[in-house]
Each structure stands twice: as structure tokens, then as C-alpha cells.
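Take this structure first; my questions come after.
Every chain is named by a letter (A, B, C and D) in the order it is written, and numbering of its residues begins at 1.
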Amino acid sequence: MTDHVLVASADFDAAEQLQQLRQTSNATGAIATFTGLVRDYGDHSNVTGLFLEHYPGMTEQVIHGLIGDARERWDIQSARVIHRVGTLTLGEQIVFVGVSSSHRADAFAACEFLMDALKTSAPFWKKELTRDGEHWVEQKDSDRERGARWHQSDPGDD
Amino acid sequence: MTDHVLVASADFDAAEQLQQLRQTSNATGAIATFTGLVRDYGDHSNVTGLFLEHYPGMTEQVIHGLIGDARERWDIQSARVIHRVGTLTLGEQIVFVGVSSSHRADAFAACEFLMDALKTSAPFWKKELTRDGEHWVEQKDSDRERGARWHQSDPGDD
Amino acid sequence: MTDVTITVHYFARLREQLGTEQETVTIPANLTLAELKQRLAERGAPWQLLTGERPVLAAVNQAMAKNATPLQDRDEVAFFPPVTGG
Amino acid sequence: MTDVTITVHYFARLREQLGTEQETVTIPANLTLAELKQRLAERGAPWQLLTGERPVLAAVNQAMAKNATPLQDRDEVAFFPPVTGG
């Protein structure tokens, strides 16, 4: 039942995260994970890296809160969220979300919910570094829509 | 763009699979994975292991076909599916599905589609081994419904 | 009418209940899958399971096949319960 | 009316445009977040960005906060653009 939230500049070992999720319980039948990588285009093309800023303290609180939200909605056992900050180069890992559950539907839903929520609710800001300069990434309508999706079935929700 | 399909009795290293998915392309921004484990209950409780049977040859063809279906529907780069057969004990890995894409929505959807399809379309059969004996697992209505879900948006689909 | 020879595989619960994993069967050409099931069921218990209440799926040459599929010489037929992998 | 002292943090694009990462500000007690933004904007360029067209989000004591939130002594306020992590 232990969750794990880490915001750090150091790279992480996704394999170790998977291993931790496997050891949750004898009732664990499903592990869904997501890994985000620095790709060569975003708002601009020729991206060579990212700079990620965050709000220390608040970030961790928000993520723990999001895991709590996931736990209320789905039958999940353990959740692990790692988000890197600082300067990252092409192909590097940015974020890892892993969820264990008895059931695959819950593991998938909670993992995708957490990823969508990280994009719209956690205080991280991304700057793209390209050959032609650097610029802050704008929040996407598509991300807002994906984030809002999770609230549609809760009419009483804020 | 290379896909990987393996049906084998030997255990697999999910970390190595993740690593392979990371190396797909500079345009890879998202990797979604699913790992299925032997849990301590299923149709019955006190499950101590599983015996998995398959139809050699047909299984691999079907899985390659399912990856092809996923590729037609979503913008995915690489897909890796590993499914074990034979006798597995509590906590052991049964199945791994990993998908890389530029976009997280496509990676998640294709990964979940492949898992649902493996449950309803690939010739595997599971027998639960419990303290009180063994019995073949029955196909679940919930699995059929989850599998059928993917066809609802394609009215022309068979 | 020429006879043809096919192989028939049985999997999982069906394999256990029939006590048979694989056999070679000689049948008239162009028999359908449904007719093959009927012929096998006529062997008596436990073979009537092939046409019983519990669903039995079939593949011909490793692709899912329907009852109306006509069988050809050297076809590989398989009968099995609904799948439960993943 | 007593004055209170708060810290204000700026992040990302806003931090760069304002040239300020963090400052300590003394304000009248019970000023709202909206009133604080207004006061800071009155410093002139580039501070009017806080009340400009581009959305500026705010947190008080590390929780998202609305314009009507009243500020207390030692509050930690933060202003930032919409988030773009993950």
C-alpha cells in the first residue's frame, strides 16, 4: 500500500520501479506503467532538450493528492510517480507513473488519470531547448480536455 | 518500427523490454506498458499457480495481427508482446505488453487494446492451480465486453 | 467422391475431456467444419461435447473459422474452448 | 490596520519576465490575492503581466488559490503560468 513520489534531477531506473510494484501483494495481478521521454519535437521542431522547473514542496503535495484521488476512484494497490526537473537531453526519461492493482482495468485507468493530472494540475513548467533558441511550452487544449474527461462522470465534482 | 512477439515458458525481463522500447526513435515521447502477474485468487481463491496452454504457431500469428490492427488505429512506433506458457507460480509474470509512440494517448490506447484483445482473441487457455485442485478458467463477460468496446466506434467493423 | 486427410488438434479443457491432443482423420472432400464436428460427435461420449451446450471454437489452418468453412486435404483443424489468456 | 509580511514566489516564464524568483512583501492584513496582484502590477512594466491577458495562476501556502483568498501574515504566495509538466 506504500506509494512513492519523487521529484529529482537525477535519472531513475524504471526497471527498479517495476520491481517495486511487483512486490506489492499476492493480490497484485496487473501493473500499468507510463514513461515519458524527451522527443525531438514539441511546440517547435528540432528539440535538443528540455528544461523543467517545479515548485518544490507543492509539487510533492499535489502528486500525493492526485494518488489519493486515484485511490478513491479505482481499486489500486500501489502507485509510484517520479518526475525529473532540470535540464534533460533528447531521449532522456522525464516522468514515470506506475500503478499496481488486482485488475487491469483499474491499473490502466489510474495510470492514465495520473499522467493526465500531472499535465494539468502539478506545478511543473517545461521549456523546450532547440537549435534556434529556447521557449516555454504552452499548456495544450488537448491536455486540458484529457484532464477534464476524468471529471465528466462526477457531476458533483468541482 | 520493429515489433516483437514472443510466446515462451521462460521468464522475461520487463526492464529489457522497456529499454528496447526507449530506443525506437527520437520521436518517441511515450511508452505505455502492462505486466500481468499470477495473483492469489481468480475464479477460485487460494490460487498457488497457473498452467497456461496455447496453440503454437497460431498464437504468434494472431498477436502479430492484433499489433497490425493497433497500428491501423493509432500512431504507434513499436509494440512488444510477451506471453508465457506452462506452469507459473504465485507472483510470476504472465504477460507483458509495451507500446511506444510520439503521444501518450496513442501509447495508452494501443497498450490497453492489445491486452484486451489478448484476453479474447489469442489462443491461450489458463488453468488455475489451487490448494483444492485445478480447474480451467472460464472466459469472463467483462473481458468480452472490454474486447467489444474497441469495435463500437467502427460501425463498419466485423 | 475423393477422401481427404486432415489433422485435428484439441486444446485445454476439451483436450483433457476427450483424452486426445491430436489425431489424423480421413473425411470426404468438402465436408464443412460443422459436418466434421457432427461426425466426431457420433463417436459417442465424450465426443458429443463438440456439439454440446458449451461453446467450442474452431480454427482452420491456424485462423479462426466458421461452421460453414469447407475442409480441404491436409487442412489443420483445431477445436478449443473460448480463450482465457492475457 | 496591522501590516503583514508575506513571501511571493514567481515561476517559469513569469519568473524570467519579472526578473524575480522570490521576494518579501509587506501588505495590509486581509488583502486578497486579487488585491495583491493589483498592487504588484502598479509597479509598472513588466509587473502588469500579473493582471494582463495571459493567465496567471496562484497558490497560497502551496495550494491552488482563488482571487478572493485573503492573505495572512507569513503566507507563502506563488504566481505562475498554466502548468506544463508530465
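In the analysis below, a contact is a pair of C-beta atoms (placed from the backbone, for glycine too) under 8 Å apart; a residue touches a chain by one contact, two chains touch by 3 or more.
The UniProt protein names, listed by chain, are C, D = Molybdopterin synthase sulfur carrier subunit.
All values derive from a computational prediction rather than experimental measurement.
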Contact network partition after chain A is left out of the picture: B, C | D
Chain D reached from chain A - shortest hop count over touching chains: 1
Chain centre separation (chain A, chain C; CA means) in Å: 49
Chain B and chain C: spacing of chain centres that average the CA atoms, whole Å: 27
Separation of chain C from chain D, taking each centre as the mean of its C-alpha atoms, in whole Å: 74
Centroid spacing, where centroids are CA-atom means, of chain A and chain B in whole angstrom: 23
Residues of chain D whose C-beta touches two or more other chains: none
Interface hub residues of chain A, defined as touching at least two other chains: 36, 115
Chain A residues touching chain D - in the complex, by the definition given at the top: 36, 52-55, 57-58, 61, 83, 94-95, 115-116, 118-127, 136-139, 143
Partner chain B, residues of chain A touching it in the complex: 13-15, 18, 22, 26-41, 90-91, 93, 102, 104-105, 107-108, 111-112, 115, 146
Chain D to chain A touching residues, read off their complex: 9, 11-13, 15, 59, 62-63, 78, 80-86
